[in-house]
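See the structures that follow.
Next come two complexes built around subunit A: one with subunit B, the other with subunit C.
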Partner chain A sequence: MIAAYKALLRAHIGIGLAYRTRLTVWVLTSLFPLLLMSVWLAVVDEVGPANGWDRSDFISYYAAAALLWHTTTSFLIWTWDSDFRSGDFSFKLLKPLDPFHQYLTQEFGFRAIVIVILVPLLVGITLLVPALHYELDLLGWALTVFAGLTGFLLNVVMAMAFATIAFWTTQAGNIYSLWWGMGAFLSGWVAPLPLMPPIVEATGRWMPFRSSMGFPLELLLGRLDGAEIARSFAVTAGWIGIFLLLYRLSWRRGIHRYQAVGG
Partner chain B sequence: MSRYIRLLRIFWGNTLATELEYRAAFWANAGLSLFWLVWAALGAGAYFRFAPSIRGWTYDELLVVLGIFFAINGFRQAVIGPNLARMTEYVRMGTLDFLLTKPVSSQFMVSLRHVGVYNWLDPLLGWGLVLFGLIRRDEPVSWTSVFAFALLTVAGGLVLYSLALAIQCLAVWTIGGEGLDDVVEGIVEAGRFPVQMYRGIFRTVLTFFIPVALLTTVPAEAILGRGSTGVLVVSCSIAALLLFATSRLWVWSLRHYTGASA
Partner chain C sequence: MQEPAIKVDELTKHFRVHQREAGLASGVRGFFRRKYADVKAVDGVSFSIQPGEMVGFLGPNGAGKTTTLKCLSGLLHPTSGAASVLGFTPHLRRQEFLRSFTLVMGQRNQLFWDLPAMETFLVNQAIYRIPEKDFRIGLDELVALLELSPYLDKPVRNLSLGERMRAELAAALLHRPRVLFLDEPTLGLDVTAAAAVRRFLTDYNERHQATVLLTSHYMTDVAELTRRVIVIDHGRLRFDGNLTELIDATTPHRIIRITMSEPVDPARLGEFGDVVKTDGVTAVLQVRRNATKETAARMLSELPIEDIAIEEPEIEEVIRRVFAER
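Here is the complex of A and B:
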């Protein structure tokens, strides 16, 4: 199993590197979190700190959000959809390894490259921009990285559970984007959750979207106490369990319906 | 000109006929568009919990900008995207050689040949939001403003078209052009907010180097009655100039095209 993972990871990193121009363009053009940050800074200019969040808080929040966006967002559903339509899915089924692992390593492989590009860039920026400050001890950093990792895992498993809808409809992308679009509000992406209306904040804390965005970010800014951290990890773990179960159930029923379109 | 209109009718009519086979998919996408529009409008509200107006823009006025953004983004997805996405393939597979032999303008073939059908309703939805914002704002809108808005909307569309064409020229030179449509998407995405909300270098770049301001901010200011004849004239001139310059650029870059396929 470990050998298979090694080989698959290497293959997918290779595939990712083949598209490095695309990747660079993608990294450079995703200025979106910085645009959101810019608007918040305009708000701070206008009326002073919002709910105790000042300029440097927003800058620190969104700089890290950009990195998290690139590292934890799963595009698996689109790969899956196109595999389904082109018939490539049949090849994946033929390999002696559950497609789950093939897709998971694919996601990890692409992330690895993004991290190699983005992390040095972000470290450089952190040192250059005085407004960026993350006052964390070693444990805080470790927890943040771990939160990002579990959040990523949750995103992949969630996408996988949704992807199995394609067994019945041959495409799952639209439904997933609806779900993900709702998530943009509940994750801390559009605005940090503590700045949302109380009902949105409360909902967000129990939904799976915050695990890969708002949770690690608030950890990074040192705004969470021990109990909240434990609760958030529990929420992440719970959702991973739920989606894994859904995926397994749906897979078992759906695979019998697979008709291998395309090819 | 009439020949091109006839060709467009054939090309686009064909696509439409194919896609109308999937009526359910069309309406599902229209539903999705509406969903995104509502979410975007609600999301923008988050900022205004803390300030009644940001850099001189109230929530209702921001809705107008958002509506215009939605309209132009729909235009991007329907017309710009499908053609831009094919450009790499044209160059790499040598399809471009084949397109060049056709007895019509090559610029027409690479930039308008294809059309997506899922986002045709987006401009309507977007303008609906503009109307909604104006009604909520509850201030009279003069006919002159509406006229200026219409002109500037066309100018904005032309600016976007020119930018996309410039990027297509780039694809001719670099051959590898994957992700070029993402660049255009990124540019348009910046038009979600009025340029005044951006700061420092961002604002300078978005106003002067990549004229995102022309896409959404300027038309919004016009319909809100904040425009001026000067801005109108300058904006339309920039649009015309860009269109002319990029058409020349296209011809020029073709002169350096040697044919890519074996």
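Here is the complex of A and C:
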């Protein structure tokens, strides 16, 4: 299994690096969170700190969000959708390695490239821009990285569970978009959860979306106490378990319906 | 008697397909009320194939050939009936089963499009858990037989169709599968590339005693690679037997080609059989199969024959006749 992961990771990193323009454009989409940041900075300039969040907090939050957007967001469902329509999914099924691992390594491969490009960039910007402050101890950094990793895993497993809807309908990608769109408000992506109305914040803290965005970001800004950190990891683990179970159940029923179109 | 490598018993696969006529009104109607139809892609097909056999699987487009291969590969779950490949039930997709066969689809490939074919080979080595020594020996053999060495380091997207097909075959056979399902493996290849693929498949079958089930619209593939053919149409088995038996059963005539030392009147030639064409000195005649010898002997004694050849009809014609009879 380790050999298969190594070989697949190497191949997917190679694919990611094959087109320089595509990679550059993709990295440039990191700017999206910075647009949201500019809105909040305008608010702070006009009415002062929002709920205790000043300019520096927003800049630090959204700069890290730009990195997290690329490292934890899963695009797996679109690949899966496209594989279903083109027939490439059949090739994955024919191999003696569960498609789950084949898609997971694909996701890891692309993330690895982004991390190599964006992390040094973010470190450089942090050193150059005085407004950015991430004053964490070693444990804080380790927990943040771990939160990003578990958030990414949750996103992948969640996307896989939704992807199995493709066994019943060709609209799995659109259904996932609807779910993910709702999640944007609950994840800390549109705005930090502590600034949302209490009902939205409370809901968001129990939903799966915050695990890959708001949770690691709030950790990074040192805004969470030990109990909240433990609870957030438990929520992430719980949702990973739920989506893994849903994926397995859905796979078992859905694979009977697979029509192997496209070839 | 050996256990068959492939056994298919009353295999049936039905698809539920959305029906939609052309036009906007039909599109709107279909949006609110969907119409579905059951399509019987495979309808109670039974056959078995012994280990090491190479069998041609023939039928017109939409006959159910690819669907049968997909059922045998475990991609599709049969609606009813049973299939067994090397003792495994394909749709259960056991690891050991997935390691023991391959499916090659001529119109699609498993190679990483943006990477050299070698990357796919290395990934397959890891996924199929091929020991390094076996991998090197197998790869060297495939590279030599398929003349792949100039293309190993080029991205797949830059290869020609023929080069890609050869690389695809290498990727599909690195793990030395004991059963090969080949769906149009020479589709779109030029004559030379198709001949190379056929040579390779014959060689692979001889070296590894692999069982091969092959679909192809190119009758040269079928005639060169297989003795036995299975013919299906509309999902039903139409014929299972030797290619020569199929020819005997469907074409009650043979072809006699003659060259004469002087022109002979077509009406005179017509006394020996149906004249397909003649320019006076050369002629092609169709004669009844069971009267071929006697007719040829009469021609030799009654006509100024310089050269005579007795041929079977073109296999394309045989297949055309099989489907014309449906």
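The criterion applied here is as follows: the second predicted complex is superposed on the first by the 260 of 263 C-alpha atoms of A that agree within 3 Å, B and C clash if a C-alpha of one lies under 4 Å from a C-alpha of the other, contacts with A are read in each partner's own complex, and residues count from 1 in each chain.
In this section, a residue touches a chain if its C-beta (ideal position, glycine included) is under 8 Å from a C-beta of that chain, and two chains touch if they have at least 3 such contacts.
Quantities reported herein were computed from a predicted structural model and do not represent experimental measurements.
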Touching partner for A:Gln259 - first (subunit B), second (subunit C), both, neither: second
Partner chain in contact with A:Leu8 - subunit B first, subunit C second, else both or neither: second
Touching partner for A:Pro96 - first (subunit B), second (subunit C), both, neither: second
First, second, both or neither for A:Leu245, with subunit B first and subunit C second: neither
Which of subunit B and subunit C A:Ile125 touches, first, second, both or neither: neither
Partner contacting more residues of subunit A (subunit B vs subunit C): B
First (subunit B), second (subunit C), both or neither touched by A:Val116: neither
Footprint overlap on subunit A, comparing subunit B with subunit C: 19
Complex interface listing, subunit C residues touching subunit A: 15, 66, 70, 73-77, 91, 93, 95, 98-99, 102-103, 105, 107-108, 110, 112, 114-115, 119-120, 122-129, 155, 183
Partner subunit A, residues of subunit B touching it in the complex: 28-29, 32, 35-36, 39, 42-43, 46-47, 49-51, 53-55, 176, 178-180, 182-183, 185-186, 189-190, 192-193, 196-199, 202
Of all residues in subunit A, those that touch subunit B in their complex: 19, 21-23, 25-26, 29-32, 34-35, 38-43, 45-47, 50-51, 174, 177-178, 181-182, 184-185, 190-191, 195-197
Residue ranges of subunit A in contact with subunit C within the complex: 3-4, 6-8, 10-11, 14-15, 18-19, 87-88, 90-91, 93-97, 255-260, 262-263
